[in-house]
Amino acid sequence: MNGLDFQIEPIVDLALAEDLGQSDITTKALIPDEQQGVGSIVVKGKGILAGVQIAKKVFLRVDPCLKVDIYFQDGAELESGTIIAKVEGKAASILKAERVALNFLQRLSGIASETNRYVKAAKGLPVQIMDTRKTAPGLRLLEKYAVKIGGGENHRMNLGDGILVKDNHLAALRSRGLSMKEIITRVKQNSPRRFKIEVEAKSVEEAREAVDGGADIVMLDNMSLDEMRQAVKAIDGRALIEASGGITLDRVRAIAETGVDFISVGALTHSVKALDLSLELVGPE
Amino acid sequence: MNGLDFQIEPIVDLALAEDLGQSDITTKALIPDEQQGVGSIVVKGKGILAGVQIAKKVFLRVDPCLKVDIYFQDGAELESGTIIAKVEGKAASILKAERVALNFLQRLSGIASETNRYVKAAKGLPVQIMDTRKTAPGLRLLEKYAVKIGGGENHRMNLGDGILVKDNHLAALRSRGLSMKEIITRVKQNSPRRFKIEVEAKSVEEAREAVDGGADIVMLDNMSLDEMRQAVKAIDGRALIEASGGITLDRVRAIAETGVDFISVGALTHSVKALDLSLELVGPE
Amino acid sequence: MNGLDFQIEPIVDLALAEDLGQSDITTKALIPDEQQGVGSIVVKGKGILAGVQIAKKVFLRVDPCLKVDIYFQDGAELESGTIIAKVEGKAASILKAERVALNFLQRLSGIASETNRYVKAAKGLPVQIMDTRKTAPGLRLLEKYAVKIGGGENHRMNLGDGILVKDNHLAALRSRGLSMKEIITRVKQNSPRRFKIEVEAKSVEEAREAVDGGADIVMLDNMSLDEMRQAVKAIDGRALIEASGGITLDRVRAIAETGVDFISVGALTHSVKALDLSLELVGPE
Amino acid sequence: MNGLDFQIEPIVDLALAEDLGQSDITTKALIPDEQQGVGSIVVKGKGILAGVQIAKKVFLRVDPCLKVDIYFQDGAELESGTIIAKVEGKAASILKAERVALNFLQRLSGIASETNRYVKAAKGLPVQIMDTRKTAPGLRLLEKYAVKIGGGENHRMNLGDGILVKDNHLAALRSRGLSMKEIITRVKQNSPRRFKIEVEAKSVEEAREAVDGGADIVMLDNMSLDEMRQAVKAIDGRALIEASGGITLDRVRAIAETGVDFISVGALTHSVKALDLSLELVGPE
Amino acid sequence: MNGLDFQIEPIVDLALAEDLGQSDITTKALIPDEQQGVGSIVVKGKGILAGVQIAKKVFLRVDPCLKVDIYFQDGAELESGTIIAKVEGKAASILKAERVALNFLQRLSGIASETNRYVKAAKGLPVQIMDTRKTAPGLRLLEKYAVKIGGGENHRMNLGDGILVKDNHLAALRSRGLSMKEIITRVKQNSPRRFKIEVEAKSVEEAREAVDGGADIVMLDNMSLDEMRQAVKAIDGRALIEASGGITLDRVRAIAETGVDFISVGALTHSVKALDLSLELVGPE
Amino acid sequence: MNGLDFQIEPIVDLALAEDLGQSDITTKALIPDEQQGVGSIVVKGKGILAGVQIAKKVFLRVDPCLKVDIYFQDGAELESGTIIAKVEGKAASILKAERVALNFLQRLSGIASETNRYVKAAKGLPVQIMDTRKTAPGLRLLEKYAVKIGGGENHRMNLGDGILVKDNHLAALRSRGLSMKEIITRVKQNSPRRFKIEVEAKSVEEAREAVDGGADIVMLDNMSLDEMRQAVKAIDGRALIEASGGITLDRVRAIAETGVDFISVGALTHSVKALDLSLELVGPE
């Protein structure tokens, strides 16, 4: 997370603004300003921790005088009952920051945990689990960070940091009469040469055409295991191979065994299951 | 969505900025600026549509000359294969906007669909399905909108638009010797009187104390069905009742049958399963 | 003011930007960078202090090395000649921040002072003095904060944190043939149940209809004292009562004596008289 | 107001955001989306109109399909009962925008009206009524615009567009042994020469020193009428003269008659009395 | 420029804000609001046009009623005296927007023109002229766009869209005992595989080590022509080659003739010579 | 730079955001988080330092734990080989901030250096070298600051802090039949009187008319040396004189010798040559 503060502050402030509204009217009515407390962030499920520095930022943004002690760093494997961190200071400040801090932490830990399940499922095989651009609007940087924490690798951050010729590109150009080879030649000529060229293929035949046409990476889209095996054979080491589309935890090992280099999983970020965490406040200990 | 443009524009711009980066280098290299196309947004699953106006905004923000025809409005029940909308204009513009438009649409439709499953499960019973503040940072307004579209009701938008005395408040005050009745009296005196007072109860006894102490709404937190039935009996119509904590689709009808007025479900927004949608581009028809 | 920093920083920066422009050309031309000074913020009128922490923020935003000593906290009753705070450090920094710091402090103290005059006028009577949404654009949070400091209570912060059926709503629905009772029933069914329902009444008869129809709070709009007394009698404890419209300091006690629960005063924020303050700079003491 | 759109949009959005919150829950619950209406903005007091284009912007920002007909432009003298503008379209949109539009219009018209009272009081005399930098934080541009509409002239917009050597500058430099003449020489040498040099004087003697020292404009601060007359005589046409401090409507003509060129009035913006306006909604006509 | 509106608007607004300040006081004092005019943007030098759509945006942002006719598109070769565009409408609006529109246009056209000089100098040789990250803060997207218009290619947009192991990286790792080969292996293992690996070499020997170690692109930093020739020979087609450092227009052809694939030129953006343009206003024609 | 933090932070963040993108993928892949280093900023050319505090801000924004030691302050004359500052801390942080820090420093020092060349060329003559509004969009405040550091003076910061009647104003008004005298009278009557009136003249005759008409400053636009001499004679001390248009370093002394008071040079900011600086990283010393 180092060096990203200036990029994370706006989303932290946005999240606090939308959660505090006018300010916490319940807490203002009940908790005397001088009352101190200690809040413990406790795990109620099982998973990989991600986002603990952001949670800390949230508490300090609400009240710079809070003291946040972190017991586990991002990447730690958490068991139910574990205390991740303690926050000490004004009870009212802790209560105001609680929900936003947990919302970041639960979502990011959920992503890291799910990524890690895929990574473990493919353990021992020479394959990388990758994310996609199917992230919650505004949270891409953080969500891709959580994928890395979970042991995955990042696919494109945005449309500008990688070349990927997708089915819609192919369709648009074939309708003008271009062949796969001509399409790949065109993209090579018109784009910065520091990028490898990745091309999406919907069939074994298309995968072969892509690699023959000069693709550096071929994405096998929504193929059966059998098709993937044939595609791997057809490509025969001449390009890197990514499997994509309809990947589930059940199938991931079998897919990895076909010999592909990457498996990209939209669900890592588009269908997150939050890790269950809560904050428990006690009076000063 | 009317009247919220000025609140939605920033998140749309943020999402586009994080997805476009430098600009879409693949599309720039391949698709001639003058090439026209038609993109169809097609449903691949089953669910309730939410966010179609935001998807439209995304396309128009990228290229105000695109023509977006919407065939279904938010709230529509979608079948696999349905075409929700068509976008016509420069093929390059459609490709640039595609992912961001789908990211909003898939997430919000996922929320509306899941909400609707809970609503249907409790059909015929006098109960409201509600969301919580466990939303993705920055997206609360949109996610709560999707809950409404799915047939749910919105719990607090933020800490300023409702009074909810939670377990952490009770703990903090009991440690100073206050009784439930004194706590409720204090919150009434110190907060604007336009709000009903909601109090969290972890046991039947606490629920009784809350209503005896003057609570207008009692939240039954993480209770068994049996405890909920007893609490409903103890409260006996003197307050509204919300069931919360650990709600699942399996249990929701049984919970509704206990006689509670609201059931709030964190998973509606913290553990969203995106609705499967895709954009298919063809040449001008 | 605790926990609102992230919401106040933008308006502080905006205010400094509009006041400093290119930078303070007079001070730059005259005052050597190394010259030290002490500025005293002195009261020239009489009133209730509000906003001293914001004034401090302004000085520190211009120069984090300034030392700000605060002698009176918000809520203090000030006499002419009182020194509220002293600022010590570079004379140039003090001069640059002076006007913006005073602009916040004078306006907020003006609001707190005027609110307090109303509160004192109704002293001993069971009534709350409330503000309205008639605030200076961009300053609502701060202005409502000042009302609380002056002893008042906050009415709705925004259209989302309270239900208030106003004359324009009634007119729009009556033109479609709905009765008061039907209107109140509709608003209850279609809005979150954590809010009490407030309804505006322009006559005693309307007030009676509102409470008969199920209103929790009735706002008596622009009524004479006599009408208010009749309305209080007609409502007879079945709803809370707010007096609104044309409230002046002269009339406020008489209004309070009619038995209403709240008196809301637009002038508290729409027609503020700034408290007279100045900053006096002397060389290091 | 032309050419300032990009500067005004942010404050309009900020004002709408703080007023709408989650959205207008009362209107959403009551007014069907398809219901049309016409809202008339009606004057209830007497004064000079200012800000009608901003009010229009507010309505169009909430709903670009509203039709706003403006019957009076900024600067018009309004009588009670006058209809300034009509807004036609969705009733819900009109209700959502109402308060923010009126808040701008009432405040700016209040400033223009009060300015105009001063201008009229000094009618026929060769004097300009000027504002100060004592404006509501964030609203300076608009408030100074309203002063111009009321017939006044603008003093410095910010510390960067005018030279004004104030008492605090003089004190800081005299404590280092500089004479008035040396101070004025220094400011001339160290600042851009396109500005005239204005110097604050607290006595007739100081005014004489300032003009002898080379000041182009002398500000007479908090002087009695008699002192002002003497200062005018002492300056004898060698500099422009501004009267400042403690100016009231009662005294303004007498001050103008002393022969000063400008009279600056902090109260024009720091102690605004809003013009009374309201919006009345009727069904389609 | 299509599809980048939402990224360009903020810098346009920032530029207008810093140039207009309070508003154009000269124009306001002199030019009646109703006066119409036609402004011609005229070339006074010779060069390649870039940024004409941004200039148009500037005019329309100040006054959406201006009519902007563009006679030449970006990339056009301009002669002295050419009229690029005409702007018709309120004279005051044209004068307010003039400087900001020209500032963008002159800078971007200056960049495109200089780039084009390098491109022409290397004409006929299989080499690409590239920019660097040495751009004016805040203007990178626009400046890199202008380089493309001038016929150049873009190097990395930012540190996230390309791998470039620079001398400082090498130094930091060699100090820990790593060899070139180990460094390249490490970067390959730890970064997304869609990027080619570029490595900076300060000597022929280092260039050889880099390509032996697996670099896909070798950057020859500040080498003499003779060293470059030797490096090209040593690399012998096994990697792409970039020449960088101290490139001047005089030397560019000779460098291209050494056989390198890219020549990157910091001066294209860090030392821009603006193209001379002016706006001439005449009354309506 | 004091007191401008809140104005500079946004451009620093913008510059970092555009340079870091997703984050520095090369550094992340190569440099262990715990590795320490020391970076020296070394001068490779000759010039005047400007912007060293901004460079420091950049480093601290990326990593507040970096230690930045500054050896030379803005205004220092730098020789090739000089070390301006050292940055100590995490090597990765130093590498991430390097380019942005240098981009600011090289550009601002380039401006200060070029300004200083003009200042020195006119040394001993009673003339001020001034900038114009021809600055890079978004960087005006910083660029004008650099001009001051180089020994120059600032012309208008924006259209609101000075009166300058330009050729386009004159043309627009003459087309309506106004004489120079009438134009100057109008601008005096309609603008704040704290500004001197500057008028652009394209011929000696026009210069004479301007001063006869009451101009306080006359700008001689694009005149030959001979014309300037005649204009100086014609004006004969009755107004300040600015020479502008086509000023080069070769001609500046001769122009100064004609007796003008100011010489404004667009090239100071529109055609900057960056000062050559680099950052050299070594392991901890």
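Every chain is named by a letter (A, B, C, D, E and F) in the order it is written, and numbering of its residues begins at 1.
Following the convention adopted for this analysis, a contact is a pair of C-beta atoms (placed from the backbone, for glycine too) under 8 Å apart; a residue touches a chain by one contact, two chains touch by 3 or more.
Note that the structure is predicted; figures quoted are calculated from it, not measured.
Visitor: Spell out the chains that contact chain A while also contacting chain D.
Guide: Neighbours common to chain A and chain D are B, C, E, F.
Visitor: Which pair in B-D, B-C or A-B has the same interface as A-F, with over half of the contact pairs matching by residue number?
Guide: Equivalent chain pair to A-F in B-D, B-C or A-B: B-D.
Visitor: With centres defined by CA atoms only, which chain is the most remote from chain F?
Guide: If we average the C-alpha coordinates per chain, B ends up farthest from chain F.
Visitor: Based only on mean CA positions, could you tell me how far chain A sits from chain C in angstrom?
Guide: 44
Visitor: Between chain A and chain E, tell me the centre distance in angstrom, where each centre is the average of that chain's C-alpha atoms.
Guide: About 33 Å separates the centre of chain A from that of chain E.
Visitor: Residues of chain A touching 2+ other chains?
Guide: Only 20-24, 96, 141, 154, 157-158, 160-163, 192, 195 qualify.
Visitor: Mind pulling up the chain E residues that touch chain B in the complex?
Guide: Touch list, chain E to chain B: 2-7, 141, 144, 154, 157-158, 161.
Visitor: Enumerate the contact residues on chain E facing chain A in the complex.
Guide: 128, 153-157, 160-163, 192-196, 198, 217, 240, 261-262
Visitor: Touching residues of chain A toward chain B in the complex: what are they?
Guide: Checking each residue of chain A against chain B gives 11-12, 14-15, 18-31, 35, 37, 39, 91, 95-96, 98-100, 102-104, 106-107, 110, 133-141, 157-166, 168-169, 171-173, 175-176, 183, 186-187, 189-192, 195, 266-267, 270-274, 279-283.
Visitor: Touching residues of chain D toward chain B in the complex: what are they?
Guide: Per the touch definition, chain D meets chain B at residues 13, 16-17, 20-24, 33, 61-63, 90, 92-93, 96-97.
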